[in-house]
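Shared between the two complexes below is chain A, which has chain B as its partner in the first and chain C in the second.
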Partner chain A sequence: MELIINGSKRELQLESRTLAEVIDKLGLSGKPVVAEVDGEVLVAEQWPAFAVMPGMKIELVHFVGGG
Partner chain B sequence: MSADTWRIGKHEMSSRFFLGTGLFPSPLVQQEAISASGAEVLTFAIRRVNLDAVEDDSILQHIEPGAFIFLPNTSGARTADEAVRIARLARASGLSDWVKVEISASERTLLPDPIETLRATEILVREGFTVLPYISDDPIICRKLEEAGAAAIMPGGAPIGTGLGILNPYNIGLIVEEAGVPVIIDAGLGTASDASLAMELGASAVLMNTPVAKAKDPVGMAKAMRMAIEAGRLAYVSGRMPKKRYASASSGMASLIVK
Partner chain C sequence: MGKESGLKERYSRQMLFAPIGEEGQRKLLESTVCIIGMGALGTVLANHMVRSGVGRVRMVDRDYVEPSNLQRQMLFDEADAAEALPKVVAARNKLQRINSEIELEAVFTDVTPANVLELIQDVDLVLDGTDNFQTRFLLNDACFSKRVPFVYGGAVSSRGMSAVFIPGVTPCLRCFIQSADAGGQTCDTVGVISPIVDIVASYQAVEALKYLSGAAEARRDSLLTLDIWHNQYYAMKLGKPREACPCCGLKQYPALREEEATLLSLCGRDSIQISGHEPFDLALWHQRLSPAVRNTKVNDYLLRATLPEGERLVLFADGRLLVQGTDDPARAKTLVARYIGS
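Our next item is the complex of A and B:
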């Protein structure tokens, strides 16, 4: 499925087609990341039930050094 | 002096040093500087995960969990809507409902956009965030932010990362005098005397990043800043003598042996 993740097109082979699976496929499971899909913020508890569709815009962000 | 604590929301704090986490030469130096600073509040920015290097250490791996209050900022935002979006993402981390509203209106000076900052503060307060806006050293906009529900106001001493110190002590003094919420001097400080001056002017706390991270010895500077903040605070609480135009001798002229 083609998704737009952090501004770039990305093709992922998905089975359950959930946001949790997307995050797992990207190697981010268990990491302190936050997700936003098409402008909607989704907390980690929502990921396993959230169905992704082709072309969705996904942002995955985290805390970095800053002042 | 009894315990000189202060509070924001439900958090009571004894440290008056908010430390930023950018620009440190290494995670180890950063950890040691945090420890030397005595800071209870650490600031962060929110950025995209680099999907091509996901195994890279997250900054949070180097920070003892639960030991600090996290203050994520909205740096990079140019409008209130962008700042609100970043704040919501930061809160979804589950790590903090504090947010430093930072909306830059100029790439060269990174000076805050007061109109957008006020708008973002209004929205985020309604959404239940603990909002700490970074703002210019203007007493009127600071008052408006307080009226909008800001938990603290954070006027800059000078533009971010310049190390120029407090360019307008008169304005900072006025802001402190009029504020009913804590005033935290954020941005532009360069060295220990700047931090001390901020506290002597009556600020509740100081937020710094670059002057510590970019010092030759960040750990030594973190300690110097901590001491300067404590000294400045104690001087403020103790009440300085009034300034006089001419000399006045410490011993007086009575019983002088020469005529």
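Our next item is the complex of A and C:
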């Protein structure tokens, strides 16, 4: 499925077609990440139930811990 | 020159900035902030707060100045590193020369569930200068339980982030993330360049100035994320507090209930911290250890020595111990048992 992730087109092979699977495929599961899809903020517990559609614009914000 | 005219002179350019003006400046002078973490972000934050005339600045940090800090921690110099001065002490010394009108409090301690509420008591705002999520969650929970605004900032590599979290108004850190796993991305593993630190801390500082000078309506209502090397910038709307959030919704503040860990690995730093010891008489321990160790350095706050095994041991007057050169807690315990006893 083609998605637009952080402004770039990405082709991902998905089975469950959920946001949780997208984030897992990108190696970000368990990391301090928040997602925004079409202006809606989605936290980790909402990802398994969120269905992704082709062409969806997904912003993934990875929290920065250093300082 | 009287105090009033001296103040007018010192802050004249800031007061000419209409959104602050004389009234905003007066509010700043009557304000108190607490900066937790006096490293890269913390030194930039403190510099802005003190020069801007925030009346009382409390600085909290557990660490001392080392040569690898000098690339980006802007209040420190080579003499501070040679003296192994606590960062809060070195920062206070420098800041006093910058603005002697400000009341500066240097607190040399680890922030824990046992002391965090006391540290943020009577402050108008808390600024985040920490370098790990564990302490950030603790600050977040403490601030939201006491309804104190918390200005988050983080920087690593060329990436940075900042947001203003206001209890009862905006979401908090826990509304967005639950995991404290930085995925190995710390300043000690993937590095950091100094411009990102200045930029992030300056974004935090300006939000502090807005809030403290009474310009709440000017608050940036977004989670800002940027990568200044790869030219990326994104501002995500903060939205509303989440009902299922352990702080905003459920009022549980989990980090305040955690038992204090006696053994703490300082992520990515090849160091283990051990707390819970009685306070150390540093002069006495200097005498005791001298025959066995080399390169000892002792000051009013700490004793540092290189062990024959290669690791470095740091004893802090407050009873903390640091074993540098290992990330293995068992190894650290062995060495502490060997030289300090239990």
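Here, the second predicted complex is superposed on the first by the 64 of 67 C-alpha atoms of A that agree within 3 Å, B and C clash if a C-alpha of one lies under 4 Å from a C-alpha of the other, contacts with A are read in each partner's own complex, and residues count from 1 in each chain.
Everything below uses one rule, namely that a residue touches a chain if its C-beta (ideal position, glycine included) is under 8 Å from a C-beta of that chain, and two chains touch if they have at least 3 such contacts.
Fair warning: this is a prediction, and the values are worked out from it, not measured in the lab.
Counting only touches as set out at the top, which of chain B and chain C does A:Leu42 meet: first, second, both, neither?
First partner only, chain B.
Using the superposition on chain A described above, determine whether A:Gly30 touches chain B (first), chain C (second), both, or neither.
second
For A:Gly65, is the partner it touches chain B (first), chain C (second), both, or none of the two (neither)?
both
Quick one: is A:Ile5 in contact with chain B, with chain C, with both, or with neither? Answer first, second, both or neither.
In the superposition, A:Ile5 contacts chain B only.
More residues of chain A in touch with chain C or with chain B?
Residues of chain A touched, chain B against chain C: more for B.
Common interface residues of chain A with chain B and chain C?
6, 31-34, 36, 39, 41, 43-44, 59, 61-67.
Which residues of chain A touch chain C in the complex?
It is residues 6, 30-34, 36, 39, 41, 43-45, 59, 61-67 of chain A that touch chain C.
List the residues on chain C that touch chain A in their complex, please.
37, 39-42, 128-133, 136, 153-157, 159-161, 175-183, 185-187, 192, 197, 200, 223, 225, 232, 234, 236-237, 239, 242, 244
Which of the residues in chain A come into contact with chain B in the complex?
5-8, 10, 26-28, 31-36, 39, 41-44, 59-67
Where on chain B is chain A touching in the complex?
So the residues of chain B in touch with chain A come to 20-24, 30, 43-49, 51, 54-55, 58-60, 70, 72-73, 75, 85, 88-90, 92-95, 160, 187, 207-210.
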